[in-house]
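Two complexes are shown next, each including chain A; its partner changes from chain B in the first to chain C in the second.
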Partner chain A sequence: MTDNGAPTLPTVRMNGVSRWYGEVLGINKISVDIQPGITGLVGPNGSGKSTLMNLICGLIRPGQGHLLVLGQDPWNNPALHRQIGYCPQGDRFYENFSGLQFVRAMLEMHGHGVDWAARAAAEALARVGMVEAANRRLRGYSKGMRQRIKIALALAHQPALLVLDEPFDGLDPIGRREMIQLFAEYGQEGRTVLVASHILHEIEQMTERILVMSNGYVLAEGGIREVRDQMRRHPFRVLLRCDQPRRLAALLLAEPDVLGAEIEDERTMTLVTNDPDSFYLRLNQMVVDEGIDLDLVTLADENVSSIFKYLAGKEHH
Partner chain B sequence: MILARQMFSLTRLSIRRLAGTRFMIANLLLAALPVVLTLVIVVALRIQQPDPPSIEMARVEAAHYFQFILRTLYLHFVVFFIAIISGFAISRQDLEERTLHFILLQPIPRWAMVAARFVGYLGLSIALVLTSLWLSYLILIGGRFGLGGLIQDLFGTGGRLGGLLLESLVLVMALIAYGAIGMAGGSAFKTLVFAPLLWVWDGLLPFLPQALKELSLTHYFQSLLPERLIEQGRLLELLGEPAATTQSLFAIALVSVTAIILALAVFQTRECIYNEDAA
Partner chain C sequence: MAVYDLSYQTYTGPRRGPVHRWLAIARFAWVEMLSRRVFAILFTLAWLQFIVRLALIYVLNTPLLKSMGFEALIGPLNEAISIDAAFFKSMIDWQLPFCFMFVFILGAGAISRDLAHNAIILYIVKPIGRYEYLLGKFATLFLLLLALSWLQTMALYFAQVLLAPETSAWRTEFWSQYFWLIFPITLYSVLLSASLSLLVLAFSSTARSGRYAGIAFLIYLIGAHTVIALLAELIGAIGPIQAHDWFGLSPLAIGYALGDWLFSQQAEVRPAAAWFGLALHWLVAGAILKWRLDGAARQGN
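Coming up: the complex of A and B.
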């Protein structure tokens, strides 16, 4: 909400947006709002993540539907490009430029003068840890260094919306951790960061909010838990630690929403249920009635990776 | 002011990028070709006639050679291919190299992107072609008559400076027109297939009836060249009756503007789709 109580517009609003490449589907009838903060974009290859990002950046046009970015149509809207930073998945550059020359040349086209461009480029390269290699030719860079240059370019002009397509590709673990920290800070500043990644646990380290895509559709969106709720049919695995796991397993298996049980060791068991809410209610009652000493109950797989695996599996079937 | 700065930056970037492509090697070779040929002519003339019987006759002879090189080699070959190739490159280079998104994401109107890149191409190609042309002239006249003869030809009785400037201007116009056609062609085609067709059409000029000659751009460039050295020669026969200056300027401007508008229209709606996206 704004100060006067009016609802704030989301950074990105898509309403029934579709995009086809000839007969090949890019995305189909997508309606989502993306709010400030970090949103993770999850989905297998060919799920439409890059198409969605290209649409948001105004690089392609929707075939159908309405798309607003920061309240404006992004297609052919140069003024809006000042507020968008894009790190593309592709790895092509002007190879005979140095990293610094490349970022500076791009920033000079913002029209704020060469001094501003030089300063902003130097600051951006410092933020991604590329100061020492700044004057080397791009063609001599490693994959990770090239990735850092793309990220530097995306955030050098301090955009309100940062769109990152597989930004961790080619980065070593230290680099990944640094970039996660960088994006997290960026999101905490109240800006909008949209990150697509295959490295899912890294998305989890940055955000709770995800958008799951598959075959051109958004399958689920929201917090990781909300996404779970949207996928009710997907069985949940619950880890339990108690003094009588075998007895508790036998009791629970009689319940209609418990699909299976597995004894891990003398104190630990895993249950599979398709309705965790009612399961929890009954479990509480059961341990009180039966006098079972229960010291841990947790979802065994509530993370993006499990959702992704589930989606990928569902696709195969 | 901001837009001017943006366009200047993009122009500079375009020059740097064009200069770094394989097309530039082809352009350098093309520009070097008349210079080498001129050198060969001068050496051959010096061997054939170490002491010309009359300086004035020798100067006329050298000027004829220069006109021949200018009309056939520069206008019909060097300028044509440098312009078409470079114009094509500015349309397609980013798409081929999959770097188009870097440009399209800039806060610059698309018409300004096209204009800035075209200006960049012109700056580079004009420098290349005019350096080559003037070098050929210097070699041909200076190599034959020395520095004194060269100064005499340019500023003295020869009075060639004005003519040379006018010839340079015609080549610049040809670079604009053919470059615009190359740019429009690059917007419409994936390969340079249209270039040889256009070149053959321009090459057929001497064999075409007068009415058809007027459908060729070369006809108008030839018409604009100062012809005081070849007033009634065979060259004039081949090229046909020259068009009036205003008609030539109009025809060249019409073709150039149409081609630029076509390239603009295509770029205005161009999406950043590389092959892999559609696969």
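Coming up: the complex of A and C.
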């Protein structure tokens, strides 16, 4: 509400928005409002999450329907882009630049002066914990460091709307926790943060509000608990990459919610759990306590798809 | 209902204009280029011809050789090298191999790399439109090629103006004989730099690999010339079209023909055919770029 009691516009308003790529459906007749604070966008690959975010960022145009972002049409609207911070999935850009140079270059493309850009880039890198590696070249960065740089890039110009496409990909558990904390602070400040992820429990640590997408439709909108409860009854397959998979598997198999483990190779294993929330919490603690170097934690893709198909099936039923 | 502290502030300070924004694309592309040793070496080598010609201008216009005891060389040197229109045109022509190298190495991957890694969206989510993005990429190459052709040739021109002895034609007949050279030097450099930049960007936008785009561009340059040579041989003259006019469709022949025309030298291809060919190439390259950039938007790239 504004000071005079008039209702404020949501940050994003979609009314019957559809987008097709030729004969392939991107999203279909979506009508949602996204308010300030954090909103989680959840769905398997190909569910329409990226299409939705591309529409909001003005990268593509709706085929049908009306879309307003901060009260304006985002298509071909460079002035609006000053208010939007976007963290895309791809991460190969100016490979010979240092992280600091890269963020500064992108800020100068916003029209910021050299001094302001240098200062804001340094501040953004500090916020994502990249001060020590700021002057190293991008080509030498790990996946997690690249992810942090992209996040710095998205928030360096102090946007009102932050759109993050799988921002936790490649981050280790500590990095995930730090970024979750960072986004939560952004949401608390009254900015709008839209986070796409296929890991529900990470979204749950930031917000209660989610949009669940599948096959271009919004399956569920609102509280996260109901969706999570349904998913909890469905076993999860989690892919882990670490330096001691056998040892970690042995430790995890002792936990009651871990149903099975499979060693894929010398660094990779797949675990099956029926309670991802407690699994992830215990995993974080375990790797710290046991000194295990964990590179990757992700849900095995086909399993996520099957969960969402399961949800979609229930919805349609 | 959520309660927010609303403590955030978006930036409301001064911003620079759109030219600064898209020039930033070019500026950082050069910074990245020069950070690679191979580019830095190539860029340095691209100044060698300039240094040699500058030395020649100095030697021909000052008593250096005489003072060093090489008087016998002055006559043959003056006979062999004349600082005139052909001297400046050949300076630009001999810079073309370097221009091509930069076009292949830097230009071929300029857009294709962004398309392959979906990095184009990084630019477009900034206050930079698709066409400003393209301008930035164009400026990266165009200004670099201008530095290698126009800047160096104009520097030689002004060196000649400054060093020419009082009694030489460069001083006594400057306005009638040599002043006009500024215009062909500028136009020739601009036309070559703009055409090469535009064409290679069009090729770059059609591939997701800079290597393939570069090879395709090279094949086009050589292939088109070969095919047109055959065509000219087979078809010959038709009505008002002379046999050599067919070369107005070859990008290589267009450049040289326009250069000859601008520097008032004998050209085999008539200027009208060369201008027609140039306009056609620009139009097709522009259409390809528009189609590809709009296509990238349609596919959500």
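Here are some notes:
The rule is simple: the second predicted complex is superposed on the first by the 225 of 317 C-alpha atoms of A that agree within 3 Å, B and C clash if a C-alpha of one lies under 4 Å from a C-alpha of the other, contacts with A are read in each partner's own complex, and residues count from 1 in each chain.
Please note the rule applied: a contact is a pair of C-beta atoms (placed from the backbone, for glycine too) under 8 Å apart; a residue touches a chain by one contact, two chains touch by 3 or more.
Because the structure is a prediction, the values reported are computed rather than measured.
Once the complexes are laid over each other on chain A, chain B and chain C cannot both fit and instead clash.
Applying the stated contact rule after C-alpha superposition, one finds that A:Ala160 touches chain C and leaves chain B untouched. Looking at the shared chain after the overlay, A:Leu68 reaches neither chain B nor chain C. In the superposition on chain A, A:Met286 makes contact with neither chain B nor chain C. Shared-chain residue A:Gly37: touches chain C; no touch with chain B. Applying the stated contact rule after C-alpha superposition, one finds that A:Val24 touches chain B and leaves chain C untouched.
Contacts of A:Trp116 after superposition: chain C is touched, whereas chain B is not reached.
Greater residue coverage of chain A by touch, when chain B is weighed against chain C, goes to C.
Within the superposed three-chain model, A:Arg191 lies in touch with chain C and out of touch with chain B [touch as defined at top]. In the superposition on chain A, contact is made by A:Pro88 with both chain B and chain C.
Common to the chain B-facing and chain C-facing surfaces of chain A are residues 21, 26, 50-51, 54, 57-61, 76, 78-79, 81-82, 84, 86, 88, 90, 92-94, 96, 105-106, 108-113. On chain A, the positions that touch chain C within their shared complex are 21, 26, 35-37, 50-51, 54, 57-61, 76, 78-79, 81-84, 86, 88-94, 96-97, 101, 105-106, 108-113, 116, 153, 157-160, 186-191.
Only residues 2, 4-11, 13-18, 20-22, 24-25, 27-28, 31-32, 35-36, 113, 117-119, 121-129, 132, 297-300 of chain C touch chain A when the two sit together in their complex.
Against chain B, in their complex, chain A makes its touches with residues 21-22, 24, 26, 50-51, 54, 57-61, 76, 78-82, 84, 86, 88, 90, 92-94, 96, 105-106, 108-113. Those residues of chain B that touch chain A in the shared complex are 2-3, 5-6, 9-10, 13, 16-17, 20, 97-99, 101-102, 104-110, 268, 271-274, 277-279.
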